[in-house]
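Here come two complexes built around subunit A, the first alongside subunit B, the second alongside subunit C.
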Partner chain A sequence: MKALVWISLIIISLLSLFPFYIMTVMGTHYNEDLFKGIPIFPGDYLMENLRTVFKTDFLRVYGNSLIVSVTSVCLALITSTLIGYALAKFDFKGRKWIQMFVILTMMVPTQVGLIGYIIEMRNIGLGNTLWPVILIWTAFPFGAFFMIQFMRDSIPNDLMECARIDGCSEPGIFIRIVLPIIKPGLATLATLVFLWSWNNYLLPLVTINKSEWFTLPVFISNLGYVHRTDYAARMAALTMTTLPVLILFLFGSRTFMKGLTAGAVKG
Partner chain B sequence: MNIGKRLLQQFWGDSYKVNNTKHLSKWASGAISVSLLASLLGACGNGNNNNESQASQASSPASSASASTATATDPTQLSATIKVWDWDEAFTKGMIPEFNKKYPNIKVEVTVVNPNDYLQKLQSGIASGSDVADVILGEEAYRGKLFDLDVLDNLEAAPYNFDRSSVLDYTVPYISNSKGQIVAVDQAITPAGFAYRRDLAKEYWGTDDPAELEKLIPTWDDFITKGTELKDKSGGKVLMFPGLGDAFLVLKGQNTTPYVNGTEVDVTTKLSKSIEMLFKMRDAGILGKNELWTPAWSSSMAKGEFMFYPMAPWGPKWHISANDPEGSGRWGLVKAPEVGFTRGGTAVGIYKDSKVKEAAWAFVNFAYQSEEGSLFNFKNFGNMTSNKAFYEKQKALFEAPGPFDEFFGGQNLSMYYLENVIPEMKGQAQSKYDSVVDAVSNSLYPLWTKDQSITVEAALEKFKSEMKNKASEATIK
Partner chain C sequence: MNAEQVKTSSATTLKRRWGPQMWPYLFSLPFVLAYGAFQLYPVLYSFVLSLYEWNGISAKTFIGIQNYVHLWTEDPLFIKSIMNTLIMMAMFIPITLILGLLLAYWTFNLTRGKNMIQTINVLPYITTPVAIGFIFSYMFDWQTGLVNLLMMKFGWLQEGFYWLQDEWSSRAIIALMVIWRNLGYFMIIYMAGMTVIPQDIYEAARVDGSTGFHTFRRITMPLLRNISVFLVVTSVIGGLQLFDEPKLLYGGWSGSSQVGGPDNAALTIIWKFVDESFISNTRFGYASAIAYSLFILIVIFSMLSYRLTTSREDRR
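The block that comes next holds the complex of A and B.
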């Protein structure tokens, strides 16, 4: 029985890892050879493909993407946590309305609000910078919703009461008591925001008009594009692009899982 | 307890007390009124901006007219920064320094935008009033849509004063919008014929000379006869085209009868004869079963399974030699039966709300129409301008061997296009429905390949109903 479980686990793992493997291997072949069949073994064209990638502004674009994702994660965590804390643990007039509002904004697809958002950014004077791509995450309804749910279940009210009786200030309670408890939630949200902002395509596509501010997805889609699309070079670039997300997930996977399942069982 | 702490407690700890909720709601109403005020002010500011921009637009023709008379004599007087959205970095990196030799004070800023996303980016840029390129490119796939958006300036008016008789006659419909205004110039002309395998032609038809081949396939009926002969002689190993897609794009392209009138789209006029001939070829068994741009289709070029591939001047580099790198000397170029057609092609226009129209035009005109720009364009990228005068002045350039003539068995490709393909070509008026027709064609020809029992009538009906789904506002005939 155990063997059966193991075998099926191995098969599933292989199936899910296979596309990653193919992506990596495709980056080592000559573009036109890719169409002769799915390559299983690495080719000898990696250096050429890397040259194609690096003779462009790949490093700067990589830097842009890192700036965008890291800043987005920080900002999204701050706002989402504060909203979540306020709505989950305090009672005040209009609380339900705000909560409803958060859920309502979750239902509006990004594409619908896009034009309005760009107009807003232009009027603030942030057109043609990286800010529009970052600031979208500061009002992140899913993050707020996630934090509301997470905090409601994981922070015992008694604990906060105890802290209050012991004379801890409210910011103190938040920083010393609440934040340590919600670490798994923070890690989960951070991973998700990082992943989504890292892979975001539509927003940078329509808001960024200067090549020097391009982020990775937009950059890669433009790589080697004249009559002949250089898929091999794109694959090489994609492999390098996937690495940080992969590393982030590997390190954060334990807390990530905790975050995803938290609240499933009430203690 | 200090004040700061008390304030914080009002927000956090004691906020469920009735007193403090009052505080909160006061705060909230205060915030709302401030934001309302701000938005009102913002709206006012906006209004002012609009007025300003309108005013500047109103005044710009006068100022630009005077500027253009000045610049006609001295290009160095023209000073501006123009924005170009292009996907071809090699082209912009080469052309801009060349342009700056003549116009040192015009700075060209390039944003790389790939053609698949171009229209979306452009539309959201225009809708939101943010930065839009001054020089806009319209690739074949969305050129008609771009023209119908009505965002490109009429190039025959000031300050451009473009003359439509200066370009090859057949190209005029490809750069005109539905009102008949010229709104773009061609990046390069794209007349097309067939690339063919010399080795196969020699083996099965006894000649690999383009002039002889022309005589073998003057009409499509002859094409089918020769195709059947080829199939029989080779035992079915060699066919005429790799698939229905190749044949259909030729037949479709050859029929340039206008078929769009406002929202009336006459699919029957445009396609019935093409589909009829396509099915005749299919039933004769002279077409392969490959879909365009698939791996099998690409690799068939090197394998020698098919005689012909539709090819425009960009084809030798990006299409044939890219897929058959070892094939030097075994390819040739012959014109299509009956009449030439176009394949691909990009139109370059100027945004009508651009603030730097003259500088933008200086760039477009230099890069795609002027003698020095066209010369640079042809020598470095193989792009052939649409400007008539250039071909008269630079005849020797085209008579000399081009970079891919060797690959094509020493045939002079440019001269062949100029002398044998272009003279009898006609252009197709552009509309937003062209891309719909292309999309429906691409989704249907694979079905026609699989199910050989579909009749011409059934195929046409299916085509119309698919058109209706994709363009619900149009009347499809």
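The block that comes next holds the complex of A and C.
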């Protein structure tokens, strides 16, 4: 029985890894060789493929994606943390209402307002820039919800009271006492927002038409139609695209999984 | 609670008494404002648009609920896109749920290699959908795809099968992409749920002579019901918004930007929505009506799935 379990686990894990492996290996072959047979072993064409990729706007687009993801992470963290702090640690008139509001916002899918959002962005002059892809993260309902939960459990009320009695101002308490305590929560949320904004495909697809402002997912799915379709080069580009999230994930896999499971186990 | 506030603030100055009361509002403000500006306003504006005929350039004409009427009665493609989405959901939700639970159960009881198996299986979840689209359309390609090559080698097929050009196989491949991507996610959610189950329940079961599958069926599964409900409801909500996988399967590798796959068998609701508004057409009013119809569908189906998954609990 135990052997059977192990065999099944190993097969499933290999199936999980296989497409990754194929992607990496394909990036090391000469494009036309890909169609001759199954590329199981790495080839020796990686440098050439990389050269092809870097001849395009790849670096610029990579930069775009980094800008988008980093800015989104910062904005989402700021708004989520602030509202999370208010709702978890203060008792004030209307708290229930605002909390209800946050929960309701989680239930409205972003796609419903997509057209309105795009028209709005055009009207305020942000069409065809990176802003539409970033600003959507300024109000991230899951982030707010996650922060409420996280702060409720992790910040001792006594600590805040002591600081208040010592004459520490409210922003001071937030910056000097609360922020250091919730670092793990911030890390978790940051990884999730980074992942989701990095991989986002639909929003940049419909908001950005100028190739100079493309982000990686849109850029790669449009790559190489001009001369010939170079699949090998594309695969090399994709491998490089997966790299940042892979590194982030391998370094903080604990943090990461904690974030993913946060909503489920409590609710 | 109020008494406590008065007590703490009486120790401080008058200015500080209203100070703490102002701060929570200030702290909530950025989120509320940003939500209003970038999500609530667009959602409401989309609703207004759904009552108009508008192509984004010329003047808007108010036509009331005409868009909705046309959509639900005279657009067979929209109905088909709903059916497609539901069919694919019916394929991937049960499989991911069962496999995820099994995988979690097996991995949870391992003494070694737990973390490694977890990490490996979550990898697909973090891969960009573009990569998943390319990889799958390469693997299932008619001429050069791995699947056909392997099947012909083993003699299961005489000649290559057009996986991506057949209605049902294309839906199955999309379902497979979703399963491949989400399996690890389901697994870690279930494992997180398992850590909450107290170990003495298992002890008691063992003393009573329950083993292996019986324990799993009678103890683990019922105790994980809340998790299953969460997973079903969220994957129904996510499934109705399926777009990346089908679009990238047909828009990537094959080079053609065929809409909807073979005979529109892979056209999902969101794909139809995006196509009407940004790709083939710019019918903003009509597409907004699609978005709102989808919203209503999401509300109905998530409530339905919640009911279905929790009523079983009451029956026991």
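The rule we apply is simple: the second predicted complex is superposed on the first by the 213 of 267 C-alpha atoms of A that agree within 3 Å, B and C clash if a C-alpha of one lies under 4 Å from a C-alpha of the other, contacts with A are read in each partner's own complex, and residues count from 1 in each chain.
One rule holds for everything that comes next: a residue touches a chain if its C-beta (ideal position, glycine included) is under 8 Å from a C-beta of that chain, and two chains touch if they have at least 3 such contacts.
For clarity, every value in this text was computed on a predicted model and none was experimentally measured.
J.: Which partner chains sit in contact with A:Thr242 here, subunit B, subunit C, both or neither? Use first/second/both/neither.
T.: second
J.: Touching A:Cys74, do we find subunit B (first), subunit C (second), both, or neither?
T.: Neither partner.
J.: Quick one: is A:Ile119 in contact with subunit B, with subunit C, with both, or with neither? Answer first, second, both or neither.
T.: both
J.: For the three-chain arrangement built by superposition, which of subunit B and subunit C touches the greater number of subunit A residues?
T.: Larger number of subunit A residues touched: C.
J.: Under the stated touch criterion, which partner chain does A:Gly127 make contact with: subunit B (first), subunit C (second), both, or neither?
T.: In the superposed model, A:Gly127 contacts subunit B only, not subunit C.
J.: Could you say whether A:Leu9 touches subunit B, subunit C, both of them, or neither, answering first, second, both or neither?
T.: In the superposition, A:Leu9 contacts subunit C only.
J.: In the overlay, answer first, second, both or neither for which of subunit B and subunit C A:Phe90 touches.
T.: both
J.: Please work out whether A:Ile181 is in contact with subunit B alone, subunit C alone, both, or neither, and reply first, second, both or neither.
T.: The answer is neither, since A:Ile181 touches no partner chain.
J.: Please work out whether A:Ser221 is in contact with subunit B alone, subunit C alone, both, or neither, and reply first, second, both or neither.
T.: Both: A:Ser221 reaches subunit B and subunit C.
J.: Quick one: classify A:Val206 as touching subunit B (first), subunit C (second), both or neither.
T.: So A:Val206 meets both subunit B and subunit C here.
J.: Taking the stated contact definition, name every residue in subunit A that is touched by subunit B in one complex and by subunit C in the other, in rising order.
T.: Overlap of subunit B and subunit C footprints on subunit A: residues 34-35, 37, 90-92, 94, 114-115, 119, 164, 170, 174, 205-206, 221, 225.
J.: Note which residues of subunit C are touching subunit A in the complex, please.
T.: Interface residues on subunit C, with respect to subunit A: 1, 5, 8, 11-12, 19-21, 23-25, 27-28, 30-32, 34-35, 38-46, 49, 56, 99, 103, 106-107, 110, 115, 117-136, 138-139, 143-144, 146, 149-150, 180, 183-185, 188-189, 192-193, 196, 212, 226-227, 230-231, 237, 241, 243-244, 247-248, 251-253, 255, 270, 273-274, 277-278, 284, 287-288, 291-292, 294-295, 298.
J.: Please give the residue numbers of subunit A that touch subunit C in the complex, ascending.
T.: 1, 5, 8-9, 12-13, 15-17, 19-20, 22-23, 26, 34-35, 37-38, 78-80, 82-83, 85-87, 90-92, 94-95, 98, 101-102, 105, 108-117, 119-120, 135-136, 138-139, 141, 144, 161, 164-165, 170, 174, 195, 198-199, 201-202, 205-206, 216-217, 220-221, 225, 229, 231, 234-235, 238, 241-242, 245-246, 249-250, 253, 256-257, 260-261, 263-265, 267
J.: For subunit B, which residues are in contact with subunit A within the complex?
T.: 5, 8-9, 11-13, 15-16, 20-21, 24-25, 28, 42, 46, 83, 87-91, 109-117, 120-121, 124-125, 127-131, 133, 294-295, 298-299, 314, 317-319, 322-323, 325
J.: For the complex, give me every residue of subunit A touching subunit B.
T.: 32, 34-37, 56, 90-94, 114-115, 118-119, 121-123, 127-128, 164, 169-171, 174, 205-207, 209-211, 214, 221-222, 225-228
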